[in-house]
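Chain nomenclature is as follows: A, B and C, assigned in order of appearance, with residue numbering initiated at 1 for each chain independently.
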């Protein structure tokens, strides 16, 4: 049966190839992109899942501003803006001729609606903090909006470029979870639950139109299935391939391009700084000495990743290399442990969330710490449990997680963050940073901040997560790095 | 018989009620909050409270239980927390994968098992019998997920004849859809057929000893004809019972195999819903699956009693 | 071998054992099955004293090594010795399956005995409870248990143990019901013995053969179930090696290190095959005894 059909399709196929080869068929216009996780829904203003933004950000929904692939702010629905001298009043000029996918016009009213909705008391926006600084949003005319801030906020324009701050229409907002209606160059077409989301080109897009006619996001959580799908051509691209161990077979294959880029993900051995014995600096330093980062990167990430010594991304200009603050040295580690009162080590538990980077790194860390007498019990947890036990109740000794938000060193100054780290000096430093505008001074402050964290060995700083992009060599325009969680397809095209 | 039927019906309904309470309570103990999962680590307390209120998580337990059951009775399975679509819709999509898979697996395993069992019985203690029973022993011993991996290695990785996973969807056409279900079906069916073949064989052996087969043979009915027409029909009773009992295993098998081949079916939905704390989906699904098993057991019991009146007394104990 | 048996003493226990073994030696299934089973238990015991390499020692430098004199079956993605992990995994399988049987028999057998002895509503209640436990798909209850308590071998023991309860209850009840109709029980009854006493003194010993055979079958099923749960990430957790977990790990490497997926699966299959053959053989061997005692 199958054979028969194959033969028939083969004949038709050959005939078509001959036909099209002679008429010089144009390049492909359909991109099939692989993703590990399926989003729970498609409304970026009502959920934290990165998978939502990975599909709709910049493709379906747009904000006043947008983050480009270098992580800088670009105009989007707002074509320009003026900032008052006291940095409290932002006047946005909106683009004209913009329509939502249902045909309705986008204007000032939609901006007022979208932002007011995100700020409201019953808002379920996962990044409500982005809007905290806003005191009012007012319409001046149909294409001018004035936003008043409570205090000067250097990152305001960047914040407006987040997926959580995109513009939505009042009429369609209720249904955005299942049928998103935005202003972007792609329209939502359909969602086959458990399998894929399809977007099609928005023919009446207000700006630079998309080059693709159709984009399909296919969900493949299993790395082995992902390899097969890529090899078989069921998938054209994987923005961040789930299994670093299989990258070598793609780079060896001339059909594919493997592009290793940066992410904002500092992978750390988060430590409960108030729980004994981790409340002792010497114990934390001993752990830092006992961690062999290169072995972790080789073992868990198959060599992809950059060792770090503090909570800061190596590709950032303010980065200071502190990787060797506590070099791998078991003797020193044992000595420090003995000085802290644990000559024979101790027992503790390490809670590991589901991603394979965390599980594998955890296994290796457990083996490494065993060498200095620290016996770790491995406790795998689901994300829901991790959020509840580790993050919310800080009921843990150690855990491994990648902090993927850009420029998030400020979390160490928070009062109740799950590391339970309290350092008045660091908090003062962060306050000073908030009020500093000049780049050079800011970088100097950031350098000091990195050093404090490194020397305090707050957490085990392990490595910066790499982004493993794999795609067909004929695809152009995909991002190498990921300054935001997004697959911006607006400029992607096939060369053949 | 009527009394027996009534008794069994009452106890089936009671079992279902107990099941629903157990499922509900267990899911309430489940650590982890659906709202905080949905909003992630940057959520503010106020946002969480708003979402919890929106999801109706602040109502007392008993009210929520009654609302759930009331909804079920009126055919309303509720709305999924995470997807925000009716659970019924979600389940329907997934059943379109799991049910055909289970059906195909049952069909294939029956098609393999019955002839093998019959042949083995007819060749009792001859080489062919040993061969078939040897394969059957092997089939029972092999974990189906490992068998699935072996199939993947051979047909997807090495030969590249078939996809290693995923489901193209029925709208891609019958042939591509069936193609993506082929390896999963085989992986499920072969171990299953190993068990069925054994049961068929021993049931056939029992029936072949009975008088009426000898009578039929004496009347000049041919050997194979007697085997197929007379013996097999009677031998099928225990086989069907075992198939009914195997239903629960088949369910479990489907869940594992869906994970190996990454098929968007019921099994994956359960895993996903539990990890996302989409409790509404979890409890609907778990109740649905338990109800299916309970009802199938009920039907099998009734059939059994119809076929074998002695058992009624046995069951009435 | 036969000589050894003959050389043994002549008490009734030994005599019975002798007969069983004599019969066993002529039963191919029993011989093959028991040898594999013995080997499996030997592996589990061996893991307490010796494995070629440490199973927890991670050595990234030699990851995914091919089989060699140093690493007989090669190494996994962390450079751990596969052969050592297989030996260690046997211990894990034995413990999980064994304890699960203890749970299943410990609860199921008394339930079955009571149901058969008391009949009436007690029987009905117990059998409904049985149906209920049986109706709950074992995998689903395992998933729920791990969702609440977190994954781990203890929880897979509980899940498999719960699954074993109705199996033993059912088979005990069935056997007991048929025994209750027998003359020697009627005699005991007329001698004024209570139903509990009869159950313990007469029913249980006579049901033991069937229960032992069932236990071997459940043991094999338990090993399969443990592998399945660990494969799904719900069972045994690292660093303790388990066969199912090894298969789970192997899946991502299936394209360039398929051998990782072959060895653990083959080990499971051979072990389960051995146990099933052993169970079958045991039934064949014990059956004539049963008949003779009737």
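Methods note: contacts are C-beta pairs under 8 Å (C-beta built on N, C-alpha and C of every residue); 3 or more make two chains touch, one makes a residue touch a chain.
Here the structure is a predicted model, which means the values were calculated and not measured.
Chain B has the Cα centre that lies closest to the mean of all protein Cα atoms in view.
Set against the Cα centre of chain B, the chain with the most distant centre is A. By number of C-beta pairs in contact, B-C leads over the other of A-C and B-C. Chain A and chain B have CA centres that are 39 Å apart. Chain C has its Cα centroid 47 Å from the Cα centroid of chain A. Note on chain placement: the centre of chain B and the centre of chain C lie 24 Å apart, centres being C-alpha means. In chain C, the residues that touch at least two other chains are 147, 251, 254-255. Listed for chain A are residues 222, 224, 228, 382, 385, each touching two or more other chains. Among the residues of chain B, those touching two or more other chains are numbered 31, 152, 157, 259, 274. Residues 2, 5, 38, 40-41, 47-49, 121-129, 177-178, 192-195, 218, 220-222, 224-225, 228-229, 231-232, 234, 354, 382-385, 387-389, 391-392, 405 of chain A are the ones touching chain B in the complex. Chain B meets chain A in the complex at residues 31-34, 36-44, 46-47, 50-51, 53-54, 82-85, 90, 93-94, 97, 152, 156-157, 160, 163-167, 169, 175, 179, 259, 261-262, 264-265, 268-269, 272, 274-277. On the chain B side of its complex with chain C, the touching residues are 11, 14-15, 18-19, 26-27, 29-31, 137-138, 140-143, 145-146, 149-150, 152-153, 157, 248, 251-252, 255-256, 259-260, 270-271, 274, 286, 289-290, 293-294, 297, 314, 317. Residues of chain A that touch chain C in their complex: 222-224, 227-228, 243, 245-246, 249, 295, 298-299, 356, 359-360, 363-364, 366-368, 370, 378-382, 385. Across the interface of their complex, chain A is touched by residues 56-58, 60, 63, 77-79, 147, 150-151, 233, 237-239, 251-256 of chain C.
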